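Same chain, two partners: chain A is paired with chain B first, then with chain C.
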Partner chain A sequence: MAVKKLSKDKVGEALKELSKFRLVAPARSDDVVIFKEISDPAEAYLDYGNSTVPPKKMVFPQTETLFRFMVGDPELKEKNVEEEGTTVIFGIRPCDARAMSIVDKLFAWDYDDPYYQKRRALTTLVGMACTEPPSVNCFCTSVGGSPFSKEGLDILLTDMGDYYAVQALTEKGENLQKTLSSQLEDGGDEKKVEEMARAAEGKIKRSIKTDGIPEKIPTLWDSDVWKKVSASCLGCGTCTFLCPTCHCFDIQDEVEELGEGRRARMWDSCMFSEYTLHASGHNPRPSRKERTRNRISHKYSYYPNKFDDIACVGCGRCINLCPVNIDILDILEQVVEA
Partner chain B sequence: MSSNNGNPYIPYRVNILDAWYEAPGDRCIKTFKVTFDDEKIWDTWSHRPGQCAMVGTPGIGESMFCISSSPTEKGYLRFSIMKTGKNTSALHELEKDDSFYIRGPLGNTFPVDDWKGKNIVTIGGGIGQAPLRPIIQWVRDNRADYGELELIYGARTSADHCFKAEFEEIGQSGECGLHLSVDVEEEEWPHFVGFVPTLLMDVAPKPDNAIAVTCGPPIMIKFVLENLEKLGFKPEQVYTTLENRMKCGIGKCGRCNVGNLYVCKDGPVFSYATLKNIPEAFA
Partner chain C sequence: MVDINKLREIAKEVISRDDVRQVIGYRPGTYGFRARPAFVLEPDDVDELIFTPACVNNLATYITLEEKLPVPRGQEPDSRKVAVMVKGCDSRALVQQMEEKAYDREHLLILGIPCRGVVDMDKVNARFPDVLEKGEIALEGDKFVISFNGTKEEVAKDELLADKCKRCRYPTPLVSDQLLDDEVERFAEDDYSDIETLEKRSQDEKWAYWEEKLSRCTRCYACRNVCPMCYCEDCVLNRIEPMWMRRSVDVSENTAYHIARAYHLAGRCIQCGECQRVCPMDIPIMELNRKFYKDVADLYDYEPGTDAEASPLLSTFSVDDREDFIL
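Then we have the complex of A and B:
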């Protein structure tokens, strides 16, 4: 499909048009950028690097109701995800979109997860190519991605200076493009987009050779490497909460006044001791050593073993935001050397 | 994969037909015999020995338990539950005619079809007999399909023995070998005194054309596996079940993995041939 143009002075108008859906875009919140539902196009902040928190919560909310109940009443009221309506995530980075297509596999594995899948089906992803790496710790090209990756996206936008090149990639993307027919023009420069994509790949500073890592990790079960790489870990869970592919969750029941309640699921972290704590008091992963080993093994060995994808998209958030500067690439280097 | 409207997170309500204590004490064990509140669910429900269900009550929570009845027992499911934490304490409050909720059947199954024509030895300890009970019942109800059945079971004291009446009935019928033990001596105990792995060596079942299935406390399993090897059982002839903290029960929430296998979905049943290569299995 031909590449269209969205002139920068028409972006506001386009966002206005898209706000008939649940429109999610990067926006400033205190001193960080997050993805949030916006109603005013002026709230969108498109000259951002990458958001501090990935937009995964738009398809996998930090806390979501599974069903509601009244204590003593046999009827359970299933949460209707459809009533949330159609969502457009505008300006998602290619790595974060790719993360969704990786996590899709888990939520479709044998048992369909209706909450995730319904929300995902109702969501259109409009990506923003990374013409410059958003972070010094970006390493998407090492784990199967790229700054212009189309995987998981419905539309890819590329900042061409005075306009965005618009490429519809899926049927959902084409439909959205039709919605914006008054704002889009013909004549996007496809050749230049391709040149920029190649140039952008060369600007990624950090890398790791992942060949052999999935096979190597299980051989290091008793290795000292895990103690070494987890020694400074505080167990805060930031690396997992800010990871676009981390999908672990807890399920909790909440009972409010008058016996009204809900069963909800919420993000959980494999870096917490309670994550694996048995009711008996036994904990199969008693220290940060075992938890770090599981986190790295899950991303770089178990997940690719099961689903053919490394469960890491190289966004660099866990490196940028770890309070004690633990660096996943450094861990992987040590795995390779061990 | 029978779940409400295809949503595996929505549990079924079950009504308690009968409930009784198996073992006393702070960590007492209670068995619940239940049927679905909506009887139509029986039309689509189908489980196999070894499978599990998430059991609990909205407002309190849910945890994973094996279904301790065999599918050959029609019209009810059984769960035998040790009082350990918040959810199990709440379940223990329930009596006949009360209700709770289950999601399932979940997990894989003992390959009982592949075991046809073989001798079966079960080696259980304490509440670990619960996942073995459906195998025993299955074999008893399909007697012609299997060879000899040998039951080895022990608990701390005779009072701690689960399924006492059934063991007694099996013992009197003489339909299979029955070997019971208690950990420490007590008056008028006519059977073996000592730990289950020692009882296993005393019974010394033959590995030829046999399958051994064991479940119990981790320390018991460890020595039973070692002793089975000494008796000549090959890893692929030995099965056990694992347990871990679980939330979803369907391979999504992450926590129950041992290595790259999810206990909730790839398990709970594993052959020792599989587990031997997974160091985390015995963590």
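Then we have the complex of A and C:
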């Protein structure tokens, strides 16, 4: 499909048009950028680097009700995800969209997760290419992505100064493009977009050679490297909760008033001490050393060995936000040297 | 300024001792201006140690954070000392931990760093964005000298200084076995004007303010884990039965969490500000801690983390204690 143009002064109008769906866009809350449902186009903050919390929470909410029950009543009331309706995530970064296509494999592997899959099917991803890397710690090009990656996206927008170039990439994207037919114009320059994509790749400063890492990691099970790289770890959930590919969850029953309750699932983190704690009191990952080993192994060995994709998209959030400067590229370099 | 050679020399002497297991200090970070904790186990490792205004972490946390795994049968537990470098503010955490009898004083070898202030890394990054190459920050008089990529820039101290340092009353460690530099005299006072402003808000304004901040919380618990005073072996938040705090993340549970956290630190928080520094969602956690700190000072004339021989506030009772606030 031909590349279209969305003039910047028509963005508000386009967002208004899209708000007939559940419209999600980056928005500011003080100095933090988070993806949230917006009702007013003015809330959208499109001139942003990347959000602190990845938009994965829109398809995999941090807390979600699976079903409701009354204590003692075998009749369950299931939650219907479709009630949330068609969702458009506007302005997602290519790495975060790629993360969703990586995580899709997990939620459709041994069990088709109905909640996740329904939400994903109802969601259209309108990506915003990174003409400038959002952070110095971006390394998407090392792990199979790029600042203009189209993987997982339905539409890719590229900031061309006074307009966005609009490329529909899937049937969903084409449908959305039709919805916006009165805001879009013809004449987007595909060649220029390609040139900018190549230039943007050159601006990514950090890198790692991942060849051999998935095979190497399992050989380092007892290596001293894990003790070394985890020595300063606080055991908090920053790196995992803010990771666009981390997908572990816990399930809890919460009984509210008068015996009414819900079964809910919520994000869990392999860096927490109770993550693998057995009912017996035994913990097979008793310290932060084993937990760090698991985090790295899962992303760079278990996942690629099972699904052919490294479960890391190089967004750099874990590096930027770690309270003690634990740096996944530094860890991987030590793994290579070990 | 701490002489880096002297610091390394002392660290080398310390780690060479038979009764010392490790030295916890600082080393350069992996990118930009960051510094990170260093765990020195061998004399040769001391060459990476530094102290600069980028050394923001409170290393006292690692004393109580260390995991005590079961000792294999036939082996003795390692009872050698841990040496730790602390700035003035950080030293108060050690004092408070000892006041609470978290461990014996003999467990530690304290290397005190008289400190003239550290930077707020967010302010540094805002001023010098996109610096990947390792840069250096030095404090010279009332200016920070920032060097990176072959360039050198001077910035007024006030512009990059961490807020907590602007009201620091204890620049020289209150407890130490050895000071790594000359004592620094008190250079600031704390008038709590920030908290007084917050107190004047109406109930509705306070709720609207906190609702926005706390709705952002992801409950990553970085604020809890980084806190040198949060060292319960079994945190109430980890309990499943009874589930004191739900794991669901919404503004109601988040508020309950932050209130519980603040209450558990009343009369204990030593104002190192680490909780707020590490919060990825920019929640002004210290405002809650400072409100309690001020109340405790006003009501009981007590300041946590200043006297290891004192009794912890909440485990003492005096018939003269004020109680006019009890309904």
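Assume the second predicted complex is superposed on the first by the 338 of 338 C-alpha atoms of A that agree within 3 Å, B and C clash if a C-alpha of one lies under 4 Å from a C-alpha of the other, contacts with A are read in each partner's own complex, and residues count from 1 in each chain.
As a working rule, contacts are C-beta pairs under 8 Å (C-beta built on N, C-alpha and C of every residue); 3 or more make two chains touch, one makes a residue touch a chain.
In this text, all values refer to a predicted model and were calculated from it rather than measured experimentally.
Visitor: Given the alignment on chain A, is it a clash or a fit between chain B and chain C?
Guide: With chain A aligned, chain B clears chain C, so fit.
Visitor: After the superposition on A, what does A:Q252 contact: first (chain B), second (chain C), both or neither?
Guide: After superposition on chain A, A:Q252 lies in contact with both partners, chain B and chain C.
Visitor: Have a look at where A:W109 lands relative to chain B and chain C in the superposition and call it first, second, both or neither.
Guide: After superposition on chain A, A:W109 lies in contact with chain B alone.
Visitor: Specify the angle subtended at the CA centre of chain A by the CA centres of chain B and chain C, expressed in degrees to the nearest 10.
Guide: Taking chain A as the apex, chain B and chain C sit 90 degrees apart.
Visitor: After lining up the shared chain so the two structures overlap, which partner does A:G235 touch, if you call chain B first and chain C second: first, second, both or neither?
Guide: The second partner, chain C, only.
Visitor: Now for A:I34: first (chain B), second (chain C), both, or neither, which partner does it touch?
Guide: A:I34 sits against chain C, while chain B stays out of touch.
Visitor: Applying the touch criterion given at the start, work out whether A:F67 contacts chain B, chain C, both or neither, answering first, second, both or neither.
Guide: first
Visitor: For A:G212, using the defined touch cut-off, is the partner it touches chain B, chain C, both, or neither? Pick first, second, both or neither.
Guide: Neither chain B nor chain C is touched by A:G212.
Visitor: I'd like to know which partner A:G187 touches here: chain B for first, chain C for second, both or neither.
Guide: Touch status of A:G187: no partner.
Visitor: Of the partners chain B and chain C, which touch A:H278 in the superposed model: first, second, both, neither?
Guide: Touch partner of A:H278: chain B, not chain C.
Visitor: Between chain B and chain C, once the two complexes are placed on the common chain, what is the minimum CA to CA distance in Å?
Guide: Superposition on chain A places chain B and chain C at a least C-alpha distance of 7 Å.
Visitor: Does any part of chain A touch chain B in one structure and chain C in the other, and if so which residues?
Guide: The overlap between the chain B and chain C interfaces on chain A comprises residues 250, 252.
Visitor: For chain C, which residues are in contact with chain A within the complex?
Guide: Touch list, chain C to chain A: 29-32, 34-37, 39, 57, 61-62, 65, 67, 69, 130-132, 212-213, 215-216, 218-222, 224-226, 238, 240, 243, 246-250, 274, 277-278, 280-282.
Visitor: Using the touch rule from the top, collect the residues of chain B that touch chain A in their complex.
Guide: Residues of chain B touching chain A: 1, 4-11, 13, 37, 58-63, 84-88, 99, 218, 243-245, 247-248, 250-255, 257-260, 265, 279-280, 283.
Visitor: Where on chain A does chain B make contact in their complex?
Guide: Residues in contact with chain B: 66-67, 69, 71, 74, 76, 78, 106-107, 109-115, 218, 221-222, 247-253, 255, 259, 261, 263, 265, 268, 270, 275-280, 282, 284-285, 290, 294, 297-298, 301-302, 305-306.
Visitor: Residue numbers of chain A touching chain C in their complex, please.
Guide: 29-32, 34, 52-53, 62-63, 136-137, 205-206, 231-232, 234-238, 241-242, 250, 252, 254, 264, 266-267, 269, 272-274, 286-288, 319, 321, 323-327, 329-330
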